[in-house]
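Below: a set of structures, written as C-alpha cells.
Look for subunit A in each of the two complexes below; its partner is subunit B in the first and subunit C in the second.
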Partner chain A sequence: MTFLDFTLKNLLRRPIRTILTVMGIGVGIGAVVALLGLARGLSQSWNDAYKARGTDIVVRKGSGLQAQPFDDKLVESVRKTPGVDIATNLLVETLSIEEVPLMIISGREWGSYLWDSLKVVQGRLPNGPDEKAVVLGTLAAEALKKKLGDTVMIETEEFAVVGVVDGKAFVENGSIFLNAPHLQRIMQKENRTNFINIRLAKSADPQAVLKQLKQELAGYRVDTAHDDTSTNDGVKTFEAMNWGTSAIALLVGTFGVMNTMFMSVFERTREIGILIALGWRQARILRMIVFESVALCVGAGVIGILFGIGLLKVLAVTPWMSGKLEPYIGWDLSAEAMLLAVGVGLLSGILPALRCSKINPSAALLQ
Partner chain B sequence: MSGICGVGCSVNASKSLVGNVRLADSNQSLTLILRSYSGTMTPPSSPESNSPAAPPLLEVVAVHRNFDDGHVQALRGVSLAIYPGEFVAIIGSSGSGKSTLLSLLGTLDTADQGQILFRGQPITKLSDPAAFRSHNIGFIFQSFHLLPTLTALENVQIPMFEMGWSVSERQRKAKDLLEAVGMSHRLGHLPTKLSGGERQRVAIARSLANSPQILLADEPTGNLDSRNSTQILELLQRVHRESNMTLILVTHDMHIAQMADRVITMRDGAILSDERKSQSVTPAA
Partner chain C sequence: MRLGIFLTTIVCALSVHAEDTKGWSASQFIAAMKEAKPKGGTLIRVRIEQRNGGEKSTILAQIKRHDMGDGGTEQLYQITYPKDRKGEALVLVTKPGAPFSAKTFIPGKGFTALTAADKRSPLFGTDLTVEDLLVDFLDWNKHEIVGGEKVRSGECTIIESNAPKTGSFPSKVKSWIDNTRFVAWRIQVFDGGNQPAREVEAEDVVRTSGGHWVPRTFSVTNLAKGTKTTVAGTGSDEDKQYAENDFSEATIAAFAQGPGIK
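So, the complex of A and B:
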C-alpha cells in the first residue's frame, strides 16, 4: 500500500460526497475554462484576421472593442511614412443583420490589399467601388442563410450577394464585405474610418516605423497587429470580467472542498488519533489531508476541463456567437485550469490539515 | 539524542538482525523474524534485561496529571522505574489512573508536573513525540483501533510509513508479522470481516511493525470472550518472552495481571503496591 493508495481509500469511503464535491469544484473549473476560452478566443480571432490580411501595424482611435471614427484622409500622411509599403482605411461596424443579432460589417477601400486576402469560393468580388454588392464570409453566409443572387438588408439599404469568400480567419469568415463608401453612407460616416491597416516594406524595421508613426499620430493608438488585440482595453476588460466571474465560481468551489475536508477530518478524529498514536508525524498528517484535498480538485480539474471545452463547443454554434467568435481551446488553457485546480486543492486543504495535525491522540482515541 | 526518532534509538546505524524469534501458536508453528536496527531492541540474552540492577528503561518521577482544570487528579505524584525486558502489569479499578499513566508512558499525553525518562533522557516534552513513538513504542488497545477502510495487511503497514521502507519491504514485513500471529489466511480482510480475537491479533502484529522497545497494552482483552482472551494473552506472553521487549499491560483483571513478572497496583492516582513475582520491591510512591 502506498501513501497515495491510503489517501484515495479515504476519499472513496464516502463516494457520493466525494463525487458531489468534485462536481461542485468541477463546475467552477469549467466556468474558468469556458470564460477564459471566450476571452482568448476573441483576442485570437482578431489576431488571426490581421495575419490573414497580412497587416503589420494598425492605427485606431480609442482602445475599446469598438474603435472611434476619424478622418479617412489621415491615411495619406501615413502612406508617406518611410517603411510603410501600403496603408489602407478600414471601416468596421457591428450591426444586427436581418435575423442575426450581431454581425461584423467590413467596409474596405476599393483596390486595397485587404480584398486580396479574400479567396472567392463562389461568385465574385464586387466589380467596382460603385456596385451595390456585398460578399459574405463562409460563416456569415451560413448564419444569414444566403446564397448567390440573394439580397442582404444592411440597415435601410439592400445589397446583392455577389460572392462567398474564405477569409482564412474566423473573424473574416463571419463578416460581410463591401466597399467602404457604401458603409460610410449607411452609417452616416462620410469621409470617416475607424482603422488604418498598414503593411510594411520588406526592408523596413517594424520598431522604427512604429516609433515614427507614434510620433506622427499623436492621439491615435499605433500598435503592431498582435499588440492591437492583446493591449486592447475591450479585450482586457472582457478577460478581466471573465476572470472575476471565474473567481466567484472558484471561491464557491473552494469553500465546498474546504467544507468537505473539515467534515472528513471531524468524522475521522479517532482514526487520525490512531495514526498519530502509531507514530505518524505532524507533517505526514498534514500531507495526507492536503493530498486528499488536491486529489479531489485534480479530479474536479479533469471534469471541469472537459465540461468547459464542451461548453465552448456548444457556445460556438449558438446563433449569437457562430461566425463572430471562435472560442480558444488550447493545451495551455487546460494546463492553467489544472494548475488552478491544484491551487484550490492546496488552499482548501491547508486549514483542515492544520486542525487535524493538532489533534490530541489521547483524547481522540477515546471518541 | 537522535534527531529522527527522539530518544534512545539510532536508525542511522547499519541494519543488524538482533531478534530472530520463533512464535509458535498452539495450533500451528510460525516463524517471525523481527528485523530491527541496532540499539532498538534488547536481545533475549542481554545481561541488562529484566533486572533492577540494569539502568531503567523508563523512569517516572513524581508525575502529576490533572483534568478538568485540576478538579480531577488522575495521577498524584507517581514514581516508578521499569527495566528492559520486564513484563509489568498495572492493575487498578476504573479511575485509578492506570490508563492515564500508560498514555504518559507512550507520550500520547503530557504530564502537568514531574518527569518521565527513557534511557535517562526526558520524554515529557518532546518536540516530536510521534517520532519517538514510531521508533520505540508499540500500542495495543482495548478497542483494537484498526482503520476500517484498510485490510489486515494494510493496517499492519501503517506504523511502517515513518520508517522509510519501500512498499514491497513494508508489505513483506506486514505479511511476516501477520503470519506470526496466525493471521496469514486473513491478509486481505477488512476489520469488519474479522472476529474480535482476529482484530486484536492484527493489532498485535501492527504493534510489532517497527520492532519497538516497549509494548504498551491497554486492556488488550477487554473486548474479547474468554477463549480469545486466553489466546491473545498467550500470544503477548510469547512475544514478550521471545523478543524480550518490555511489555506494560494495563488491566483491571487480577488473573491477567498475575501472568506478568511484576504487578503495580494503582488506586486514586497513586501506586498502592509494586510487587515482583520473585521479590517485593519499592513500596508505593
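So, the complex of A and C:
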C-alpha cells in the first residue's frame, strides 16, 4: 500500500463525515466561484464592449459605475492630441424603460466610429442625426419585446424602432442606441456627455498618448479601455464585497475541515502511536495528516467549482440577471478556486498535523 | 403612508446634517425635518409597480414640484408610461392653513376638479390615494417619541403623530425617523384602530446631488387588502427652475400628445 493509498483510505473510514466536510467546504468554494464570477462578469462585459467598439482609451469624470457628465466640447481638444486617430463623445444613461427596470441607453454622435461596430441584424441604423429613431441590441429587443416598426418610450419621449443590432458584446446587446442629441434633450443634458471614446492611430504609442492626455485633462480619468473597468471603483467595490462574503464562507469551511481533522487524529491516536513505533518520522506523520486535509479540500474544490459554475449558469437565465449581467466563467477563476481549496486544506490541516506528530508512542499505545 | 407622506419626507424634509439628537423632543425632530426643506423645484422620476395577488402592472411617472410665491406648493404627478395612459395627471396645490386644491387630467376627457370626497380615490389605479399625497403629518401639532429601533441601516426614533381632530382619517401616523439622515425608513398609518391600515417601508436610501438623503425605493402595503405598491426612484433633479406655464393646463394637456416620433 502506497503512502497515497494509505492516506486516502483514512478519509474513507468515515465516509459520511468525509462527505459532509467536503460538502461544507465545497459550498464555500462554490460561493467564491459564483460571487467572483458575477464581479468579473461585470468588468468583462464592459471590456468586451470596448473591444467590440475598437476603443483604446476612455476619458470620463468620476470613478463610479455612473460617470459624471461634462462639457461635450472637451472632445475637440482631445482630437488634437498627437496619436489620437478618432475621438468621440458617448452619453450613457441607465434608465427604467417601459417594463424593464434598468437598461443602458447609449447616445452616440452621428457618424462616429461607435456606430460602425453595430452589425445590423434587422432593419437599419437611423438615417440621420435628426431621425427620432432607436436601434436595439438583440438582448434589449428581447427584453422589451419589441420588433421593427414598434415604438419605445424613453422617459417622456417616444422613438421608432428602426433596427435590431448585434453589438458583439453583452453590454452592447443589452443597450438601446440613439443619436446623442436626442438623449441629451431627454435627460436635459444639452451639450453634456459622460464618456469620450478614443481610437489611437496605428503608429501611436498608447502609453505616450495616455500620459499626454492625463496631463492635458486634469480632473478627468483617462485610462486604457481595459483599465477603465478594472480600476473602476464600482467594480472594485463589488468585487471586494464578493471577496468578503466568500472569505466568510471559506473561514467557516476551514473550521469545519479543521474540526474533522482533529476528530480524525483523536480517533487514531493509538494507530499513529503504532506508526511512530514502527519508525515513521514526525515529518511523515505530519505530511500524512496535511495530505488528508488537502485531499479533502481538493475534492471539495472540484465539487465547489462545479456547483459555482452551475449556479452562475442558472443565475444567468433568471429574470433578475438575464440580459443584464453575463457571469464570467473562466479557467483562471476555476484555478484560483482550486488554489484556495488547497490553501484551506493546508491551513486547516497544519494544526491537527502538528498535534499528531508530537504524540508519544508509548503513551498512545496504552490508550 | 404612502406617496404623499413619503414624498413630503423625501422632498421636503430630509437633509439635516448628522447631529447629536439624544434628548431631542418629538417636536424638535419634526422641526428639524421641516427646516431641511429644500427650496426651489424638483423633478423626480419613479417606477411604480402595483401587485395585486399574482398580477403586476407597471407605471412610469414623473413628479414635478415647485414652491409657489405665496408659501404654497404645487405638485404635478404625470404618467409617462404605458403609452395609452401617457399624460394622465394629478395636480395638487397645498397652502398652509388653506384647503387643498386638486385636479386630475385624463387625455380625451380633460380636467376634473377634485373635492374632499375624492380624497380616498386611488392615484393612477394603484394603492396610493390622493389623501396619501395630501396628508402631511409634519404639520400636525401632536407628536410624541414612543421608542427607538434600527430599521435596515438606520438607527431610528419612532415618533407617533396624532391627528388634530378625533375621528379623522388617518387618525395616527407612526414614523421611524433616521437619527442622522432624517429620512423615514418606515411609516405606519392608522385609520382609527390599533393596527396600522397601511405601511410604507423604505428599502434603501441614497444621497442626492443636492445632499439630501432620500429613499430610492419604498413599498406601500395596504394591510387590509393585502395589495402592495412599490415605488422606485429612477432619477431626480433638485434646484429645478420651472417656467410659469410648466404647470398650466395647456402644458399638461400638450404633454399627453407628446412630440411624437416625427
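Operating definition for what follows: the second predicted complex is superposed on the first by the 367 of 367 C-alpha atoms of A that agree within 3 Å, B and C clash if a C-alpha of one lies under 4 Å from a C-alpha of the other, contacts with A are read in each partner's own complex, and residues count from 1 in each chain.
Keep this in mind: a residue touches a chain if its C-beta (ideal position, glycine included) is under 8 Å from a C-beta of that chain, and two chains touch if they have at least 3 such contacts.
It should be emphasised that the depicted structure is a prediction, and the values quoted were computed from it without experimental measurement.
*Asks:* Quick check on the subunit A-based superposition: subunit B and subunit C, clash or fit?
*Replies:* fit
*Asks:* One more residue to check, A:L312. First (subunit B), second (subunit C), both or neither?
*Replies:* A:L312: touches no partner chain.
*Asks:* Is A:L365 contacted by the first partner subunit B, the second partner subunit C, both or neither?
*Replies:* first
*Asks:* According to the stated criteria, A:L325 is in contact with first (subunit B), second (subunit C), both, or neither; which is it?
*Replies:* In the superposition, A:L325 contacts neither subunit B nor subunit C.
*Asks:* Would you sort A:E155 into first (subunit B), second (subunit C), both or neither based on which partner it touches?
*Replies:* A:E155: touches subunit C, not subunit B.
*Asks:* Counting only touches as set out at the top, which of subunit B and subunit C does A:L275 meet: first, second, both, neither?
*Replies:* first
*Asks:* After lining up the shared chain so the two structures overlap, which partner does A:R13 touch, if you call subunit B first and subunit C second: first, second, both or neither?
*Replies:* A:R13: touches subunit B, not subunit C.
*Asks:* Look at the residues of subunit A and decide whether subunit B or subunit C touches more of them.
*Replies:* Residues of subunit A touched, subunit B against subunit C: more for B.
*Asks:* Under the stated touch criterion, which partner chain does A:A133 make contact with: subunit B (first), subunit C (second), both, or neither?
*Replies:* Second partner only, subunit C.
*Asks:* Between subunit B and subunit C, what opening angle does the Cα centre of subunit A see in the overlaid model, nearest 10 degrees?
*Replies:* Apex at subunit A; the opening toward subunit B and subunit C is 130 degrees.
*Asks:* Which value in Å is the smallest Cα separation between subunit B and subunit C when the structures are fitted on chain A?
*Replies:* Minimum C-alpha separation, subunit B to subunit C: 54 Å.
*Asks:* Along subunit B, where are the residues that touch subunit A in the complex?
*Replies:* Checking each residue of subunit B against subunit A gives 103, 106, 108-109, 128, 130-131, 133-135, 137, 139, 141, 145, 147-150, 153-154, 157-159, 161-162, 167, 170-171, 206, 210.
*Asks:* Looking at the complex, which residues from subunit C come into contact with subunit A?
*Replies:* Answer in residue numbers: 45, 47, 58, 60, 62, 80-83, 86, 232, 234-235, 237, 255, 258-262.
*Asks:* Touching subunit B in the complex: which residues of subunit A?
*Replies:* Residue positions touching the partner: 1-3, 6, 9-10, 12-13, 270-271, 274-282, 284, 360-362, 365.
*Asks:* Which residues of subunit A touch subunit C in the complex?
*Replies:* 95-96, 98-99, 101, 132-133, 151, 153, 155-160, 188
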